[in-house]
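Handing you this structure, nothing more for now.
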């Protein structure tokens, strides 16, 4: 009767060795983390270009970045993932075909990273842009006055100086990145959420696996929170009091 | 070396045809079929799970090269993709809870909520034949979810491939329910059996696969691995 | 010899912001070791002039010659000018060290890191060399103990002294000061002026914009009174302060005192 | 990157104020028109007429999900926020824990946990099955609604916590000094003031909530995303339905932003 | 009659913050129409005393009687006191209108809404009545034109006058002012003091904490000098300012002037 309740306590299903599904879950978890890290880094790179493009770029660059960030932030991630996942790779392969190259084998991991990275990029752009704007203008002017080249100013002054302003936003984005990986389940990529469903489907122990996955996600977010706070404290060491 | 092709499975479990086991391996009748066909056709097959919902776009955008996913050969699908010859064919059944007595007919299903998997022939069939009478045709992304909701009492009946239903009824969760009968045939919708999905321009591959299916039927390996799963002839008439 | 002795030479400098002409032909020459104080009312164009010297603002017309090297400029499409050679501008900027009103220390670096940043990354000094030089300078401005502190934790006067050390670390041909004490509390002004006064004694070329008339009189050997974008009057301090010719300068001096 | 990058960050031209007729804008618009033309003429749109009714119903369901979950979620958010700011320690702790747990796990997982996990447990109790609630509990939307509401409450709870804490203490003290009781103070001063402060954030969060609604399609609620999925499966088209879907969400987002702008502008804030 | 004439009577007020005893037994009585100015050094407990009167701070000991009604207090478990009857406290607060140093206008309401808020929601006036009363008062403090403006868009002086109108709208038995001008720019102080001066002439009971000695002398009929939590000296303004007895008051007066 209370089969699911009984299953709740059946932790044997979570064992690492078959017939336990622990290994599958952990593999999915690892895939989630890989995608989260990858897409986050990609998003940051896009964000740096986007933010500098929006702030210092020419009129055309500014408009193009504006279109990118507006569109990406207005469309649900789920829809973007489907669009980019199918259309993106399809389009890329067609383009390569036109150019006379063979079709590129884009595996699920890479596709997932690229798709989520493009989404993250739009948000990173906004976070970094706000942070750069928060740097007192004089700091950049001082760098110019000492003969630094534009690229060096970006590398030595702008990016490190904006960090304390950007970190809260970037921390949130990381949390979003870890959770958005779950959306790749809908394109059949076996990350933690889909692995959970496969395990649950095979064993019918839905509660057990969903709760186990929830716990894994929570651990990740808790651990991330601790690390983010550490980084934030370090980055703020040059600031007197809270910003 | 052998030509490499990517065999697309639905990533969601569909026992006894394709499902993941606890060690992370894909197992089931269709996995063995794919292996046998690939071996016969000298193809290097790579199993590539994709979402059932996007399996046709995955094929057309070359993420996979063939679909081995219990996909019935229908007119509608043939407009978009191509199929090999059929490799099995089974009747379509309807199951419901044991304490709920009804037949697999439009009258029997009057007022009932019928669960089907999306973009299957069952969805089309149920919509056409039961759509007016039934309380609701509820669509699920995976067969597994439909079964689960039947057990949870959120639908009254599930229409699907009789074999897949049989596997569910035999499982622990399926103890709630029994087989209510097979639906009346409708070739136009239910099609001519299940084939391997292919892109339209893949004529050479299609020839190879057809030859391989014929060969494993002839040399008995088809029957060998089928026996492990079924006590009847799944190839059908 | 006559060439190099002329440290900074500016001829006919004009600067427009849109329709507003802020500088209307300003010429100035400073010999090696000169200390020139620029005074004038608010909005007279002092800061703009100083910022033009190291091209933080692009002049609209005029030439700037630093130690015999004239900065190449070319017309941009829209009636203004732009540097012809970006590398040249960067090189010349590295020779003219500017000290800002708001200090503009880099907040993400300690005092020492602030001081070695440009020597290492612009002049290409080795880190060890830069640190050695920086420590000497920090000792000189009395900030050796604070070298590993972040600027936010220093008082305004300490920050400005750090900024001066940062400027000195470039071993510049000339130093430019834009109201270096006006963002400081009155009690802290003295310590910064003392440091600048010491530098003046060392025969360092300096151009400073200041509101501290007494200080200007003591420290500078040449005073420039800017009014409405032109040099209204200039000369040695005793003449400018003691015997002002123009009505405007008279009024200015009496209003400040 | 030209010398432009050297420019101090401050003078950032307001894009909206620039003319739409700048040459590159015209080029962009032409490109856009060309894309639009290609999209319309080279893609298949004949299905739109056939699915029109269902699409509109789907949009209706999406909006219903959005507004009901946001409205109810907001009430909970206010409670969570005030509990964290003014509650006793155990309530603070509970509210904080709730927010952390919900914000730390994916919504998709929460949705499935509620629907497949909790829902299947309900089914095992004959008491529940025979109760008047069962007709609701056997449907999917209550679970979708619950998951969306909980998620909104948790995220907004954080926002409201900040907003409540940010209301100047003096204004609350003034309310007390004029004889207002704690409930009146809360209702007339603290809450409206906090909501006012939180409005810009709420705007962004509501857009995020709109973008989260399609997840309910994975538990058989046929919102606009569900309808588009069906179109995809019926027609075997991929890009056309998704493009239309993206357009629909862009329009809905735009409308939300406009509505919030209106409310934000009602109480001018000095910059 | 003697009863009601005694508007505010405070006896032996003590207030501790943790171990710190800020008020060490302060007694004060104000008759109807009295204008009492409390002066004293920073940290002497003036604000705390004022805030105790309308129970924004809970006294640790002592009694507070407003127009013959003594506020019921009971011991809380931890050595302090707490109001025995919350409704009574609210009612008494609504009769003692407080004007804060930082105005504390409700930022999400226009000036008019600020003024009618408490009359409608505390006193239970109808909206129409409250608006009529508010408009009269706003005209009086010279803010009628600004009634539909949000406080953020007013100058400090205007905000404080709005706050005074808000207080007057309660038609209070007495008004309490805590340094009503110290958050204002010097130019704006005058307009607020003028309004308060007018109120004083109308025979309104007022207790005000202020640093404006000249104003206190002109407006108050009784001066209280608080020092270190006790009343060091009190009396009519001419006596307190003209002929201070205690050393401390002498020092305080000379330091302020």
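Each chain carries a letter (A, B, C, D and E) given by its place in the written order, and its residues are counted from 1.
Operating definition for what follows: a contact is a pair of C-beta atoms (placed from the backbone, for glycine too) under 8 Å apart; a residue touches a chain by one contact, two chains touch by 3 or more.
The chain list, named the UniProt way, goes like this: A = ABC transporter permease; C, E = ABC transporter ATP-binding protein; D = ABC transporter permease subunit.
Bear in mind that the values here come from a model prediction, so they are computed numbers and not experimental data.
K.L.:
Counting one step per pair of touching chains, how few steps separate chain A (ABC transporter permease) from chain E?
P.N.:
Tracing touching chains, the least step count from chain A (ABC transporter permease) to chain E comes to 2.
K.L.:
Show which chains lie in contact with chain B and also with chain D.
P.N.:
Neighbours common to chain B and chain D are A.
K.L.:
If I count C-beta pairs in contact for every pair of chains, which pair wins?
P.N.:
The chain pair sharing the largest number of C-beta contacts is A-D.
K.L.:
Taking each chain's centre as the mean of its C-alpha atoms, give the chain farthest from chain C.
P.N.:
B
K.L.:
Using C-alpha centres only, name the chain that sits farthest from chain A (ABC transporter permease).
P.N.:
For chain A (ABC transporter permease), the chain whose C-alpha mean is farthest off is E.
K.L.:
Which integer distance in Å separates the CA centroid of chain B from that of chain E?
P.N.:
82
K.L.:
At what distance in angstrom does the C-alpha mean of chain B lie from that of chain A (ABC transporter permease)?
P.N.:
Once rounded, the distance between the two centres reads 35 Å.
K.L.:
Could you grab the centroid distance between chain A (ABC transporter permease) and chain C? Build each centroid from C-alpha atoms only and quote it in angstrom.
P.N.:
Those two chain centres are 46 Å apart.
K.L.:
Could you pull out the residues of chain E that touch at least 2 other chains?
P.N.:
Correct list: empty.
K.L.:
Name the residues of chain A (ABC transporter permease) that each touch 2 or more other chains.
P.N.:
Touching at least two other chains: 3, 82, 86-87, 138, 141, 144, 186, 197, 206.
K.L.:
Chain B: which residues touch two or more other chains?
P.N.:
Within chain B, residues 53-54, 57, 60-61, 148 contact more than one other chain.
K.L.:
Mind listing the chain B positions that touch chain A (ABC transporter permease) in their complex?
P.N.:
10-13, 15, 19-24, 49-54, 57-58, 60-63, 142, 144, 148, 171-173
K.L.:
Can you list the chain D residues touching chain B in their complex?
P.N.:
116, 119-120, 122-123, 129, 134, 138-140, 218, 220, 222, 229-230, 232-234, 236, 238
K.L.:
If we count contacts the way the header does, which residues on chain C are in touch with chain A (ABC transporter permease) in the complex?
P.N.:
Of all residues in chain C, those touching chain A (ABC transporter permease) are 54, 56, 86, 90-98, 100, 102-110, 117-118, 121-122, 150-153, 166, 170.
K.L.:
In their complex, what parts of chain A (ABC transporter permease) are in touch with chain C?
P.N.:
It is residues 136, 138-139, 141-149, 152, 156-157, 160-161, 163-164, 235, 237-240 of chain A (ABC transporter permease) that touch chain C.
K.L.:
Looking at the complex, which residues from chain A (ABC transporter permease) come into contact with chain D?
P.N.:
Those in contact with chain D are residues 1-5, 52, 55-60, 62-64, 66-67, 71, 73-80, 82-83, 86-87, 132-133, 135, 137-138, 140-141, 144, 150-151, 153-154, 175, 179-183, 185-186, 193, 196-197, 200, 206-207, 210-211, 213-214, 217-218, 220-222.
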